[in-house]
Amino acid sequence: MSSTLSPQTREKLKGVSTATLASALFKKGLRNQMIQGSVPLSPPKGGSMVGVAYTLRYMPAREDLNPMTVFRNHSHPQRKAVEECPEGAVLVIDSRKDPRAASLGGILATRLMRRGCAGIVTDGGFRDVAEIGALDMPSYQARPSAPTNLTLHQAIDINVPIGCGDAPVFPGDVVVGDMDGVIIIPAEIADEIADEAVEMTAYEDFVIERVRNGEKTLGLYPPTDERNLELFAAWRKERGR
Amino acid sequence: MSSTLSPQTREKLKGVSTATLASALFKKGLRNQMIQGSVPLSPPKGGSMVGVAYTLRYMPAREDLNPMTVFRNHSHPQRKAVEECPEGAVLVIDSRKDPRAASLGGILATRLMRRGCAGIVTDGGFRDVAEIGALDMPSYQARPSAPTNLTLHQAIDINVPIGCGDAPVFPGDVVVGDMDGVIIIPAEIADEIADEAVEMTAYEDFVIERVRNGEKTLGLYPPTDERNLELFAAWRKERGR
Amino acid sequence: MSSTLSPQTREKLKGVSTATLASALFKKGLRNQMIQGSVPLSPPKGGSMVGVAYTLRYMPAREDLNPMTVFRNHSHPQRKAVEECPEGAVLVIDSRKDPRAASLGGILATRLMRRGCAGIVTDGGFRDVAEIGALDMPSYQARPSAPTNLTLHQAIDINVPIGCGDAPVFPGDVVVGDMDGVIIIPAEIADEIADEAVEMTAYEDFVIERVRNGEKTLGLYPPTDERNLELFAAWRKERGR
Amino acid sequence: MSSTLSPQTREKLKGVSTATLASALFKKGLRNQMIQGSVPLSPPKGGSMVGVAYTLRYMPAREDLNPMTVFRNHSHPQRKAVEECPEGAVLVIDSRKDPRAASLGGILATRLMRRGCAGIVTDGGFRDVAEIGALDMPSYQARPSAPTNLTLHQAIDINVPIGCGDAPVFPGDVVVGDMDGVIIIPAEIADEIADEAVEMTAYEDFVIERVRNGEKTLGLYPPTDERNLELFAAWRKERGR
Amino acid sequence: MSSTLSPQTREKLKGVSTATLASALFKKGLRNQMIQGSVPLSPPKGGSMVGVAYTLRYMPAREDLNPMTVFRNHSHPQRKAVEECPEGAVLVIDSRKDPRAASLGGILATRLMRRGCAGIVTDGGFRDVAEIGALDMPSYQARPSAPTNLTLHQAIDINVPIGCGDAPVFPGDVVVGDMDGVIIIPAEIADEIADEAVEMTAYEDFVIERVRNGEKTLGLYPPTDERNLELFAAWRKERGR
Amino acid sequence: MSSTLSPQTREKLKGVSTATLASALFKKGLRNQMIQGSVPLSPPKGGSMVGVAYTLRYMPAREDLNPMTVFRNHSHPQRKAVEECPEGAVLVIDSRKDPRAASLGGILATRLMRRGCAGIVTDGGFRDVAEIGALDMPSYQARPSAPTNLTLHQAIDINVPIGCGDAPVFPGDVVVGDMDGVIIIPAEIADEIADEAVEMTAYEDFVIERVRNGEKTLGLYPPTDERNLELFAAWRKERGR
């Protein structure tokens, strides 16, 4: 597991949503950290997907360089990435937003899960989605895609900075995913953002409880009415948050 | 609740599909009333979503006008819309077909439900989709989107005529949604269209029953064979429709 | 049922995935046989959807030629196709990748199921998706679409070569669908491809079992390590495959 | 030359714009006759392009059916169309709005010009655009595209009804093009539409002259102020129109 | 002419490019002020197009509300906008990025020119582009489009905040256009941005002169080598800039 | 100048079109070598643009890493690329097909020209297109774009394999451009392809001459009628080709 993500921060991030993180990043002037268009194959279990980004870059496939036999080469970047993506990391694939051929299939996804990876994300598509969606590891894609990646993609680089769904992803960044999709937290502010998101989440949980009870949002969200801050303080105390 | 939608018409519309309504509107020369590309977050319960349109218009966000602090202003159009959208109405948001930032999130959606609104529709996306999809109120969007709306959208107008998913929406129009999506019925013909759709639905129910029993569609759908009209009359009598 | 698809080949194809078929076709130089962008309305039951392609071509609708009354004509190509699509065949509709109006609705889909058709595929959308998705026959589309096909589509030709989701489809080609989508196998190589896919599937099943048990993929997938071929031979024997 | 287009109507249509024709067709309820997205390679000379539609339909290319050698077959539909498109007709190609491979190149375009064709239209692209743009025959396309059509397109049908740029095109329809693009007039109303467009053009010419002289448009365009109709009558008399 | 744009600022802006303005706005944190996708119909003469934004908002057209006769109403927003857009202002039209029907045609454009307007901008298309492109007033659009605006657009609001090509446009903002396209300067910073852009332009002119003479860009652009600032000071003195 | 492109091959390629090259590559099974969607800013002079590819890769810009001051760093990849792109080479930029911010502007393009580069290609857009289009060096882009590249792009790698307009580009590949756009010839077959293209061009020139004189294309193009090969032999002799 990469040293940039402490167990504490990982745990905190499991309990917050990508929406809250997007707001925390927005306050820091970061507006494009959401991977646009990638959705989960199945609902993540046990909290949000959290892991350090391990990246794989695809370029358009040239036919003569991409016969089926390339996979016999043990250093083929796609196969190498699957065997080297660290435990607890998320494999993030730059498929140039092209889901017409697969980024990856069921066998490699199963291997990643077995190796203890935290998830897989592509801005293209997966093949064998029924199989991948049933794994005990979250995965995100634009839409299913059966053709082998060789049809349109050539894996060319491992662990370099990439774009994924129009978001910048640097190796070591922290990747968080939930039902809304996947967001990238720059490594250097991951702890700080996690802390802020935990605080924001506490207030949002307080708000949603009150809204469910019939409270109006004006004055409460955000807390322009001071009394709400007092009530929130009491609420936190009561719940030990 | 707006006076343009009688309880009778509301009830009728709950029992008909957007497909049948689209055909009824087509016969009147209205071909673009379907909100293109918005799908339900979860299957509507208790019949189709029905309500009068209460609209919210977004324009592209200018960064200096859209810091997080704008929400402290109680007259911010998004927050105002959520507190003022009438009971039984559907909040329809013109997000310029841009789902890269959220139109709305879980807290505001919960407030709308609590206030008795009939549903929410956007041609953009929602954040907190797991939460919104679990509400006891239907919601429609293009795809999930975690970033706060301030990232790309500025709420600018309430209850003005808008476009949503390429459909024209006037405040007071009647909004109906099912698993196929959302359709807009001009206010002035809502009663008439509801009546026709109820009639069409009766015939379609008769047809589907017969088709399930092995009948062929030629002559039956539409009823070019007169005998089918007689059988239909008998069928209605029998069922009291 | 078309003579181009033997019961044996049909049975074999039911047991293989579109991903495996895409790879088998890729090896033959066929890279564009996947119908891009069409997804299943619900998970296929009892194996992959398999059938011979029976095609329907749509062109853009001219308003004066497409009033609702055209369906009174028993030789309207859409209605004719529904009554003539052979048992065991798949109706494949060229909707010019335009889901803004429906390709077909619940009544016609039910009729196709009742007539024993193997499935329906469009690169546009269906209306009545709740109903169609619940049928005991698989169906594939880009997204739901309530407006009647007359709004934008005019059915013009039956059983001619078409494009569907950018794939070439000739009448008589073999159509296979699973959760990843739909692929087209040229009629003349269907038997051969089915045989190869069955072989590939056996090896993939062997691989996935071993990967689940913690085996690494290098040397195993593809089998560059000879021992894996021996283990596979034993595995097949054991399982009688 | 097709009998559906009289020399008189052809001459009238040369003098009117696609904008005026679009309005005349709109009044008849035809809203989708403009070929969307196709622009002229160079400004048409001697008035608008006018001719009867002779159509060519492309489907997605299957690799095994489209080696370079297919052009050795004299009945290949693309080559046949080029030799059979009638004098005075416009070749309209349904390239499924895909300009990633050429619809046609310089040699075939030159042949069409030499044979007296009135123009070429595709919703894809041409190769050799410098050459085609310099021909003494108008041509319309989405964007240039060097790859041979075999790369993605297979010519499959001649003179069948097609879609081109989302417009319905029936063989025999009348095709008119200017700097705004290309519009399709249904054969059966071509004479009537031409007459109306000539009348409308006369009034528009009168209007533009007056607007250039500083007149305001309200009351003049459309002529809600009766005096403008009198002035127009005088203007026509004076100019013999 | 709007009071927000002084003759001095107008004159300064005529001499600077949209690229320089985009950089000046970027430094202030404004990244989305460029109207995306709109290109000039012909090269602007006498410097960049400059004017205050006067806006027109289109919504999707509902067929029953948009027969050709609506233009007989003198208060139809499109026609009213054309007669009321102030001298020296730029008419900016929100066509929802949909060029399938025209935003405006030759007669109205001519009237705008005659009334002394500074230009027209749409994120849709114009009809009569040959005519509009020949006017002595710049115009910007996505692509030509002959169908009357009633086909898909209904003019609904005058001089409200709009989106155009994904940029926020408030009435009174300053609009500048050149061959690269159109940029929007918020009214309140127009003077300041104009001043900065004039300064930047002086340095860029100095740089381009030196680069043409063979100078390398490192150290010069930006001036990290101090000597370049001295040379620039001398250059300005010499030229009186 | 890179050693992979001999002066002889360069000269040959200047005399052939991208269309002819696309056909020559198609015969070798390479179907995706055309950079899709990039068009020339102005007609190339003195034959086709020819040069060895020198690549620059952009990723999505993260705001905190891309203030205007990054250009003060002399090793910023964009600025470095401009000073290091070899004489006679073509700078090919992977802008992820996103023209919403510029790939490059007038000053850097002028520097590239001054340094003897053979051209610039991006699948995004240029700023200062009037200036760049007037340079004595060809340039290709999707559409003009004034915003500084920092707005959306971060230059991250020099001379690595990239995608550009969906084509694979390896450093050292040979880049050829004409009015149809830009094509990439793999380095290792550049000589061979150039030879074949010269041969094909000779025959095409012969054909076009005969077609202009009224010859029909069947039997001539391709030469299925043997006599045409004899006539061609005579034609070549006569012209010394």
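Per-chain numbering from 1; labels A, B, C, D, E and F assigned in written order.
Just so it is clear, a residue touches a chain if its C-beta (ideal position, glycine included) is under 8 Å from a C-beta of that chain, and two chains touch if they have at least 3 such contacts.
Keep in mind the model is a prediction, meaning the values are calculated, not measured.
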| item | value |
| --- | --- |
| Contacts common to chain B and chain E (chain labels) | none |
| Chain at maximum distance from chain B, centres defined as averaged CA atoms | F |
| Recurring contact interface, reference D-F, options E-F, B-E or C-D [over half identical by residue number] | E-F |
| Self-contact between copies chain A and chain C, residue sets same or different by half | different |
| Centroid distance [mean C-alpha coordinates] between chain C and chain B, Å | 32 |
| Cα-centroid distance, chain A relative to chain E, in whole angstrom | 39 |
| Computed distance of Cα centres, chain E from chain C, in Å | 50 |
| Contacts with 2+ other chains: residues of chain F | 31 |
| Touch-based graph of the chains, sorted into line, ring, star, complete or other | other |
| Each pair of chains that touches, named by its two labels | A-B, A-C, A-F, B-C, B-E, C-D, D-E, D-F, E-F |
| Complex interface listing, chain D residues touching chain C | 28-33, 59-65, 96, 98, 154, 156-157, 160-163, 166-168, 186 |
| Residue ranges of chain E touching chain D (in the complex, touch as defined) | 68, 71-72, 74, 79, 82-83, 100, 102, 105-108, 110-111, 114, 127-131, 143-148, 150-151 |
| Of all residues in chain F, those that touch chain D in their complex | 17-19, 21-23, 26-27, 31, 34, 36-37, 39, 43, 178-181, 183, 204, 207-208, 211-212, 214, 216-219, 221-222, 224 |
